[in-house]
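Chain lettering (A, B, C and D) follows the sequence in which the chains are written, and residue indices restart at 1 in each chain.
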Amino acid sequence: MSQKVYVGILGATGTVGQRFIALLENHPIFEIKAIGASARSAGKIYSECTERTWKMTTDIPENIKGMTIVPCEPEHFKGCRLIFSGLDASVAGEIETNFANAGYAVFSNAKNHRMNPLVPLLVPLCNTEHFDVIKYQQEKYGYKTGMIVTNANCASTGLVVVLKALQNAFGPINKVMVHTLQAISGAGYPGVASLDIIDNVVPFIGGEEEKVESEALKMLGTINQETHEFQHLTNMKISAHCNRVPVVDGHVTNLSIEFEKDAPSVEEVIKVLKEYTCEAQSLKCPSAPKECIIVKDSPDRPQPRLDRDRYGGMAVTVGRVRECPLFDIKLSLLIHNTILGAAGSSILNAEVAVAKGIF
Amino acid sequence: MSQKVYVGILGATGTVGQRFIALLENHPIFEIKAIGASARSAGKIYSECTERTWKMTTDIPENIKGMTIVPCEPEHFKGCRLIFSGLDASVAGEIETNFANAGYAVFSNAKNHRMNPLVPLLVPLCNTEHFDVIKYQQEKYGYKTGMIVTNANCASTGLVVVLKALQNAFGPINKVMVHTLQAISGAGYPGVASLDIIDNVVPFIGGEEEKVESEALKMLGTINQETHEFQHLTNMKISAHCNRVPVVDGHVTNLSIEFEKDAPSVEEVIKVLKEYTCEAQSLKCPSAPKECIIVKDSPDRPQPRLDRDRYGGMAVTVGRVRECPLFDIKLSLLIHNTILGAAGSSILNAEVAVAKGIF
Amino acid sequence: MSQKVYVGILGATGTVGQRFIALLENHPIFEIKAIGASARSAGKIYSECTERTWKMTTDIPENIKGMTIVPCEPEHFKGCRLIFSGLDASVAGEIETNFANAGYAVFSNAKNHRMNPLVPLLVPLCNTEHFDVIKYQQEKYGYKTGMIVTNANCASTGLVVVLKALQNAFGPINKVMVHTLQAISGAGYPGVASLDIIDNVVPFIGGEEEKVESEALKMLGTINQETHEFQHLTNMKISAHCNRVPVVDGHVTNLSIEFEKDAPSVEEVIKVLKEYTCEAQSLKCPSAPKECIIVKDSPDRPQPRLDRDRYGGMAVTVGRVRECPLFDIKLSLLIHNTILGAAGSSILNAEVAVAKGIF
Amino acid sequence: MSQKVYVGILGATGTVGQRFIALLENHPIFEIKAIGASARSAGKIYSECTERTWKMTTDIPENIKGMTIVPCEPEHFKGCRLIFSGLDASVAGEIETNFANAGYAVFSNAKNHRMNPLVPLLVPLCNTEHFDVIKYQQEKYGYKTGMIVTNANCASTGLVVVLKALQNAFGPINKVMVHTLQAISGAGYPGVASLDIIDNVVPFIGGEEEKVESEALKMLGTINQETHEFQHLTNMKISAHCNRVPVVDGHVTNLSIEFEKDAPSVEEVIKVLKEYTCEAQSLKCPSAPKECIIVKDSPDRPQPRLDRDRYGGMAVTVGRVRECPLFDIKLSLLIHNTILGAAGSSILNAEVAVAKGIF
């Protein structure tokens, strides 16, 4: 790959935009050529505009510091082939459509297009075969070279990787009880008020349980061969309890799972999870983790602070695989919600798209 | 009640012992007359011995400060009728038996005798009718005036109150999925290392899930009319996921519940929970909460920091009652784990025993 | 005091307003008769308006729940003699002046009038003799029965009590190095974003160091006998380093102090702090703490979580009194920033005013 | 440097030992050849022995996992030239002396030998010229090729770098008031109990203030040309207030500084700090940071979570340089206490020793 792919960032001053910029520093394939933000920021130098709001733990990359922020309009992104969108849901829908119409491949973190039956909802360790829908999307919306690809809500991301691995090996899963302990970074910045979460947990995250209960069914589903639209899984039922906890990064999810057929043993489950691989790995994408699913032996893992950064935050860590008195198997899993659960997924999805020649 | 009941505290220098001492300050019925601890502390003045280890947020009560700590042997507790035990499980079993043999009524926080089929495992808002077993316990062990009464593990305490209320109203419950977010104070002092829990959660508490899955079945069970032993509930199956979170006090539990018969509506469940009352209330025990179960309307409650201290930490707070896609009903509940979940339960159990004339 | 004094609350839906309402529940002298808030809330029932925003750890008092919120205009507060203002600084200045003009005694938490040379800046454990300025304030502004009384910034409150006690006993203090570790509740709600403070401290609070370096000089100063205005202390120099830490309530302050004359011994300092009393105590005001300054012997105190609630949050706790290699004495102190450091001070100031017959 | 230097780790299972192992993974100069621990662990395989106690956020390096732990005796470290000691102070003194006697160069984190007048107390960004004392140390103790080199207490480390830079530029410093906000990792594992620090700060760390007030004077001092022992700085007086805060890693220190001569301006101080370089940089040591001192412009920095990891945790970050009303200049600084403040310092000290040909 001698020539870099030029990319643009939408929402470059926000939390997700900052994460895109930090993760793309020294990226072997992608190079940022344009950074867009709201009218309030457009025209300003990036390092000046974000002097007090840059919240990454690494510095602003040298090549970005002096860039001038442009408005989030396609004409300002000429030369870019690919657009990573960290826009807020209040504006993302229309702007992303504009970019797709103008011929850009848009990889979005926003929820607006996620449930569109012609838009792939991708977790790169799980369902990159869903890129197949792109040609129908382009046909229907007249996008030509443009396209919209979304990634999942952070709380669904780890879940579907584990369910996919198990479903591949042991057949249909009927019931999934999901209990999350979600990090504050999932709510953006300023997000959760400290008075709401220090010495506290909040057993509620607005709209989150509904997303967990529905998004997974699309990601684990298939493309209908006649309508060419996504057909959600219908045999699986998910119930979610979502909680906010005082952790900076890293969502823990406890699962109880019931299979349609005979339950596998704990040892079989562990073996299948450890051996699970994904297309991003076989395509040798640079951000793909060495292992999709790390299975820990120690009984008190996974833990956010200790495990979230393994393989650059791009793997799912699983522990405590054991029998469930009510269903078949229970376990705990962890993902880094702002990397694999957000910007990192978008980037790896885009790497897969490049490797597959989708653009 | 013109005359106070004199009580002794075992394990008076530890966390649970300190909590007993703090909660019994100015108690209308009970008055501490003797405080026992290990040989290392015996003979010392209480305020000197605990100068650096007293961790309550109120001062050591004036009448306790100058007391001399005695060894945990019955002869040092003469004049006391009632013994509250905050002993560690490593020593509690034998010492408590000694006190029962010597004629004392022992109310224990330790787990040692909890599963003995002749020892009541009491949550005072749930199953004080289980005091009926005491006469059989005394008969079998030859205790005469002595007895052992235990209270439940903190993670089971709120659970059984809610299940009891629902079972009373809607009949047998088949399945209960339990997810806990437990406070650090549940592990005692020094307990959880700060490096293990700041910016972190631990999806594991040794032995806790087993207790939650079994203790409730005893508390919701009955006394067998022939053997006079406890008969555990057999129709109900419980599966627990227990997690430690960086909260000082207050365990949150998320439940999904399936009834044997037709599912009640959300409104019916709320009504039943709000109207639930217990024997400790009808006996007008001083530590009984005005409401057993507080049901919050706001969608983001209960929360540990805001709700744990209602009614002096002696009530269960419930919120988010809603339908469960997998079972019938899901909800979140909260208790103050070191008050209703520990020492407060022991004290209210003892108040009930006094009111019922059990000693 | 057979007849209660009727009071109104300005800014009743905000954090400080909520604290006023919680602290005044069952108050022996004051009874809330009117609650005011912004136009957005006016006309609404209090419990409905604050259903999701009430953040106190006790319930909304029964007599307040059903009250209708009124606009912050004097005509809606008829029958009230006293007004507690929890208004935001952006609007407090003018509204409070309106109420003083209309004849109300306004006790304000806002900073707007604090540095007015005719407005007393009162910490009730320190300088209630400054009420003497009220007659000149009324004269100058033509307030008749109206008046404005302010209380200090939370970070200055504990500081001046300790300095006052030491200055009384050992004469002028030349230098005070102040280092604060301030709780998040000092920033109001939503205030500090959790992403800024979990696993973090922020060595900066906008405008705070300037307040600490100047407010104390007014509070420890005197009323000029000719101009009848406050004359700030001129011999004392204060340097402040203010830090935000992840603590819910309770500001810790480390002090190094240099006296003008010979340095007292550590034992003399401890004795003077322990024996210090204030006018609010001698007037037997109901909110006055039993001890103004609690001196802890244990070397690791004061600590926010353990000490902030002593005497209802109305005392200063001091520990670690020792020699300073650079100045004379160093020590640590703690106050509850939202009680003694805010609404509690206002209430005790008002109790003193009633006891002194100021209105 | 074609040939790697073989090193051994003492105390390899503890927190500091783990940090050494993590930091030395893929080190360009040093390669771990032996790992020692207490008799309890000796003979065990490292990965098995630390399965539940490995607390780093990266995995155990592959080449270490299978190593057998040896006793901390010199004969088990043959082939190693250099020993990094993460031993506990209770045993470090004698063991380290044994290794020096046996001809090893010992780089220790323990406090035992720090104040020995012939042992250099080195912060690699500050005083590597103190290696000059080694020849006298070897002479006096008959060490031949052996030697003992120590690094400073974490709370002194950042302090001396800043003082050194300022002293070099502006001459002697008379007074330094130090206020620390120290992370929990500074206390090791299990270290600080979570009940002592969640929603809390502790204004006391046993023995810490004494270390801060004395260690800096040795590090900023010189080697006496006659006695060949360290001569501590005598003109500087330091007063320290040390506080523990709920931060995982990263000590913040607030300083007020008074110079003997005319005070430099804020701009001059900033310029000097930015331009400060150290010998480790000019020797091109691999762990030397690109900048010794990073000066942040944003008024709310440095912050532990955002700044501790810059340059791999090997730099000092400074912010808030401003005039002090009492002394000349005040500022805040931050270091990563377990990297530059501990194991990282030892490693960089050893890199300097190699580059200077000391062994």
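Here, a residue touches a chain if its C-beta (ideal position, glycine included) is under 8 Å from a C-beta of that chain, and two chains touch if they have at least 3 such contacts.
Model, not experiment: these values are computed from the prediction.
Enquirer: Which chain's centre, taken as the mean of its Cα atoms, is farthest from the centre of chain A?
Expert: Of all chains, C has its centre farthest from that of chain A.
Enquirer: Determine, among C-D, A-C or A-D, the equivalent of interface B-D; equivalence here requires over half of the contact pairs to be the same by residue number.
Expert: A-C
Enquirer: Would you say B-C or A-B is joined by more C-beta pairs in contact?
Expert: Of A-B and B-C, it is A-B that has more C-beta pairs in contact.
Enquirer: Give, as an integer number of Å, the spacing between the C-alpha centres of chain C and chain A.
Expert: Chain A and chain C have C-alpha centres separated by 48 Å.
Enquirer: State, to the nearest whole Å, the distance from the C-alpha centre of chain A to the C-alpha centre of chain B.
Expert: One centre to the other, that is 43 Å.
Enquirer: As a quick test, compute the distance in whole Å between the mean CA positions of chain B and chain C.
Expert: Centre-to-centre distance between chain B and chain C: 40 Å.
Enquirer: Which positions in chain C touch two or more other chains at once?
Expert: Residues 55, 196, 198-199, 246-248, 300, 305-306.
Enquirer: Going by the contact rule set out above, which residues of chain B touch chain D in the complex?
Expert: So the residues of chain B touching chain D come out as 55, 184-185, 189-199, 246-248.
Enquirer: Quick one: which bits of chain C touch chain D in the complex? Just the residue numbers, please.
Expert: 175, 177, 179, 181, 196, 198-204, 206, 213, 237-239, 241, 243, 245-248, 252, 254, 256, 299-306, 319-320, 324-327, 330, 332
Enquirer: Which bits of chain B are touching chain C when the two form their complex?
Expert: Touching chain C from chain B are residues 51-52, 55-59, 198-199, 248, 297-298, 300, 305-307, 309-310.
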